[in-house]
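What follows is a pair of complexes built around chain A, which joins chain B in one and chain C in the other.
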Partner chain A sequence: MERKKILEIKNMNISFCQYQKGMRQEELPVIRDLSLSVHEGEMVAVVGSSGSGKSLLAHGVMGILPYNASMGGEILYRGEPLTEKRIRKLRGKEIVMVPQSTSYLDPLMKVGTQICKGKKDLVRQKKLDQIFSRYSLAKEVQEQYPFELSGGMTRRVMISTAMIENPRLVIADEPTPGLHQKAAKSAMEHFRELADMGAGVLIITHDLELALETADRVLVFYAGYTLEDAKTEDFCKEETLRHPYTKALWRAIPKNGFQYIDGVQPYVKDMPSGCPFAPRCSRCSEKCHGEIPYREVNGGYVRCVYDS
Partner chain B sequence: MILEAKNISFRYGENGREILKDFSLKADSSERVGLAAPSGFGKTTLCKILSGYEKPDRGQVLLDGKPLEQYGSYCPVQLIWQHPEQAVNPRLRMKSVLEEGDQVDPALVERLGIEKDWLNRFPVEISGGEMQRFCIARAMGKRTRFLLADEISTMLDLITQSQIWHFLIEETRRRQMGMIVVSHSPELLERICTRVIDLQKTQS
Partner chain C sequence: MKTAKFITKQMIKMFLLLLAVSIVAFALMTASPVDPLQANVGQTALGSMSPEQIQKLEEYWGVGQPPVQRYMAWLKDFIRGDMGVSLLYRQDVTKVIAVKLANSLFLMIIAWVMSGLLGFILGALAGMNRGKLIDKVVRGYCLLISSTPAFWIAMLFLIIFGVWLKILPIGLSVPIGVEASGVTFLDRVYHAILPAFTLSITGISNIAMHTREKMIDICESDYMLFAKARGESTWEIFKNHGFRNVLAPAMTLQFASISEIFGGSVLVEQVFSYPGLGQAAVSAGLGSDMPLLMAITMISALLVFGGNLIANLLYGVIDPRIRRGGAVR
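Right, the complex of A and B next:
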């Protein structure tokens, strides 16, 4: 049976409006033509380098973009457009976001009350106890305040906050920066569990190696564009990957050879026309400087004039 | 040159846990020594002590037999931090960030792939990978003899990570600079280092 699509994003664009000196206005496109879908029980990772603006994707879906950002394209949730009104109703309930920063917890509210959002009936209490034992959080923690928690506990508390609502869609924005490797791994495993319980999970991260350990699919984000959408298995060897950049990433993994290519990801202001990877690509030709379509190839997608 | 940590102990606060106990390490300038250990093992603290940012409760750090603090205003052991954005002044243009280093060679700046155009930008106008290149250049000034790298590539994409390490290996070899490398990834240490020390074994 086909698993149901929980989230579908079609041709999303997000740009920032930046005021320069002298009131000159500048549009900075941060996300361009992004399309993806997340099914029930599926964990999808969007991987791109830090500071590339990919977290705006999460903010865009949640309807919490900053005032100077604008968004285009289409977002469908369970087949219906996710309008502003609809996301406001579902946010924090069916659709939850797990932020990276601990500052999202209310410092003045006890952990238990906070997770249950004040509604502490018997059913909720029982569920909370279950979630806590699953994440090895002692019952006493419910009576503590956020400042009393260690970093690892805080993260588990934030995930508990998401879980109490039986979310159908979980979006985690860079859940692991600055975390120690062990903590980062266990954070990812918690999200994996949510997916295994049936939720759709979208993770936005910079850590490809970690994403490959837990996610079902990986989208490779580069200079604002998604260059490839691949199954995790496709990363087992270079030949099954589609885009020259993804292949170069693969070869740069220490255990795959630790090779590198020259150059840097272009900064938004210095974007070449056509393929964003063209300045670093050994296969670049005339036709790469025009519009490059995002095409389905071998059960995945690629934004390149070649199939592989 | 030889960098030596002699019987170093360190704990945070009066009654805190002792994170380092009688730790000793000796490395010479031809070496790239990897430090492997699980988190919570005081690797970052050790880096701070080795580069003079933190004083140990007991023990000493010596460079060629002379205590590190006797080297005057410029510490020949330079630390590169994990998060470059926390290691630069957000109000300085990148060229001024570079000038904080010790007469950094312009040729080195070029070899690191730093583009002229970035020099006039502020930290928010460049990516994390670009900023880390600046931090590395700044640490490799004229009088630097040892480099300490504390998880410097975890935030970078894999290609940038590989680029930067290839550069560092070549440059430290050329200048006879020693290097101490901290990373959580055994495969990465394997690629970079001339030897790897498992802290768990030395400290338990």
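Right, the complex of A and C next:
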């Protein structure tokens, strides 16, 4: 069955404008080339190390980038460009974001009211009660303030802000930091449920293993680029993976040998020309310093001169 | 339990503060170079008096007594609730203060409410619309006003409204030549407009600036961003989150600003010859009226302290993190 594409991002780039000493301005590209698509009922995970700027992806789609950031590329929502005007109408209704930390909740607003955005009519109240029992949150929690919640409860409350709408697209920004294994897993499962109900779910995370447990597809994000777009099954063995970095990530998983590769991601300001992974890649050759295309290989995508 | 402890602590604090203030005020007065006899009786009159008369006067003004003894005597009376007799007005200090305080309070309350409300609205507006025209206007106004001395603004208004336009009285709190019983409430309001207005104008800038700062912090917070991401309109964002979060700091500011309004009122009352507490303080100081000045000092300290105390208590009522005894940020 061919599922409809909910979200398609083509060659997104986001950069910050920074003032250097004096009046010199500097462009700081955080996301350089990111392409992905999310289908109905599909859960896609964008995996990248912490602090690599992947949260901006969520903010870019939601239209809430800071004023000194600029975005290029194309975003299509249900086949049509997601213009600023369109996202303004859709966000918080069809397109929802699940934020990454408690600081995204108003510290002075009771949880229940907050989930309902201050409008607590009967219909919403009923829905809220249902969501709460589904997430096994006690009814009293509605009357509590964010500071009174535990980490796991905060997660569930934040997912509730998405559930209270009828979302077609859910973008979750780092949904599991600071949660212990079990809570993190159940948080991911809640997103899986949302996908199973038909929504497209985009998870932005640093936790590859967790993503592999629940997502349908995994995108590897590195130094501003999507390096690989692979089905979760491709991660079963190293051979089906395409990019050297993805393979390295695979080998770093405990059950696959716990091997880490040397080096760190290049800093935004001193990016190598050509392949961003070149300085750490063992297969790096002359042609890796030119333009590297993002190509379709075996039902996935890869940004490498080699196929596998 | 917690509240009781808090209040006891505050009471002790207040007591110590008042004690300290009274000692400092008294020390300053004793150290003042003003000679009460010269100031109140006058050089010529003194010259024509017999030594016995002068001695009597000296006794009256407390000249020659050791300061510590005088202070202790005053303190003993004050604790018993006896604030003494004003040397200048030859009336119970309580009575003098009651009249002056009523005048001043009238003025200060108008100014306090006006500056609080307007300052809050302007500050919140500017903060929510940072960098836009309204923000620039509010900021410009605040900078202009806060860099201008209050007494100068008072004189300017006096000249414009009292002298040129002649639509408002140039001074006093009641019409001249009218018996006390003939003074209506409207007369009082009419006379309070100019000083209250001056006082508010200066108060607004302070409140607006601070509210704006707070509002900007709030606008940069993650929860405001999330509210935007959830499709809340600017008004909803303000109503649901901005207002809620700026309220507690604004309240604190508002009550803490009592001290500033009080300080401002001394100057403004002077310019408008408005017979309030501020003016009484000035004449008591210049005339070495120890009991009156001490009483005024104590009352102002109490007012200011009370304002801050209310601010603290309100914070606890408004902010659930304190009210429900959670982690204080």
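In this text, the second predicted complex is superposed on the first by the 308 of 308 C-alpha atoms of A that agree within 3 Å, B and C clash if a C-alpha of one lies under 4 Å from a C-alpha of the other, contacts with A are read in each partner's own complex, and residues count from 1 in each chain.
Everything that follows uses one rule, which is that a residue touches a chain if its C-beta (ideal position, glycine included) is under 8 Å from a C-beta of that chain, and two chains touch if they have at least 3 such contacts.
Being a predicted model, the structure only gives us computed values, none of them experimental.
Novice: So, A:183: does it touch chain B (first), chain C (second), both, or neither?
Specialist: first
Novice: Of the two partner chains, chain B (first) and chain C (second), which one does A:153 touch, if any: first, second, both, or neither?
Specialist: neither
Novice: In the overlaid three-chain picture, which partner chain does A:99 touch, first (chain B) or second (chain C), both, or neither?
Specialist: In the superposition, A:99 touches chain C alone.
Novice: Quick one: is A:131 in contact with chain B, with chain C, with both, or with neither? Answer first, second, both or neither.
Specialist: Once the two structures are laid over each other on A, A:131 reaches no partner at all.
Novice: If we overlay the two complexes on their shared chain A, which of chain B and chain C does A:252 touch? Say first, second, both or neither.
Specialist: first
Novice: Contact-wise, after the overlay, does A:267 reach chain B, chain C, both or neither (first, second, both, neither)?
Specialist: In the superposed model, A:267 contacts chain B only, not chain C.
Novice: Output check: A:62 vs chain B and chain C. Expected answer is one of first, second, both, neither. What do you get?
Specialist: A:62 contacts chain C only, not chain B.
Novice: What residues on chain A touch chain B, complex-wise?
Specialist: Chain A residues touching chain B: 48-52, 177-178, 180-183, 206-209, 248-249, 252-255, 258-265, 267, 269-270.
Novice: Considering only the defined contacts, which chain B positions touch chain A in the complex?
Specialist: 38-40, 82-83, 85, 113, 115, 117, 125-130, 154-163, 165-166, 184-185, 187-188, 190-191
Novice: Using the touch definition up top, name the residues of chain C that touch chain A in the complex.
Specialist: Those in contact with chain A are residues 221-223, 225-232, 236, 239-241, 244-245, 248, 318-321, 324, 326-327.
Novice: Using the touch definition from the top, list the residues of chain A that touch chain C in their complex.
Specialist: 59, 62, 64, 88-93, 96-97, 99, 101, 103-109, 117-118, 145, 147-148, 161
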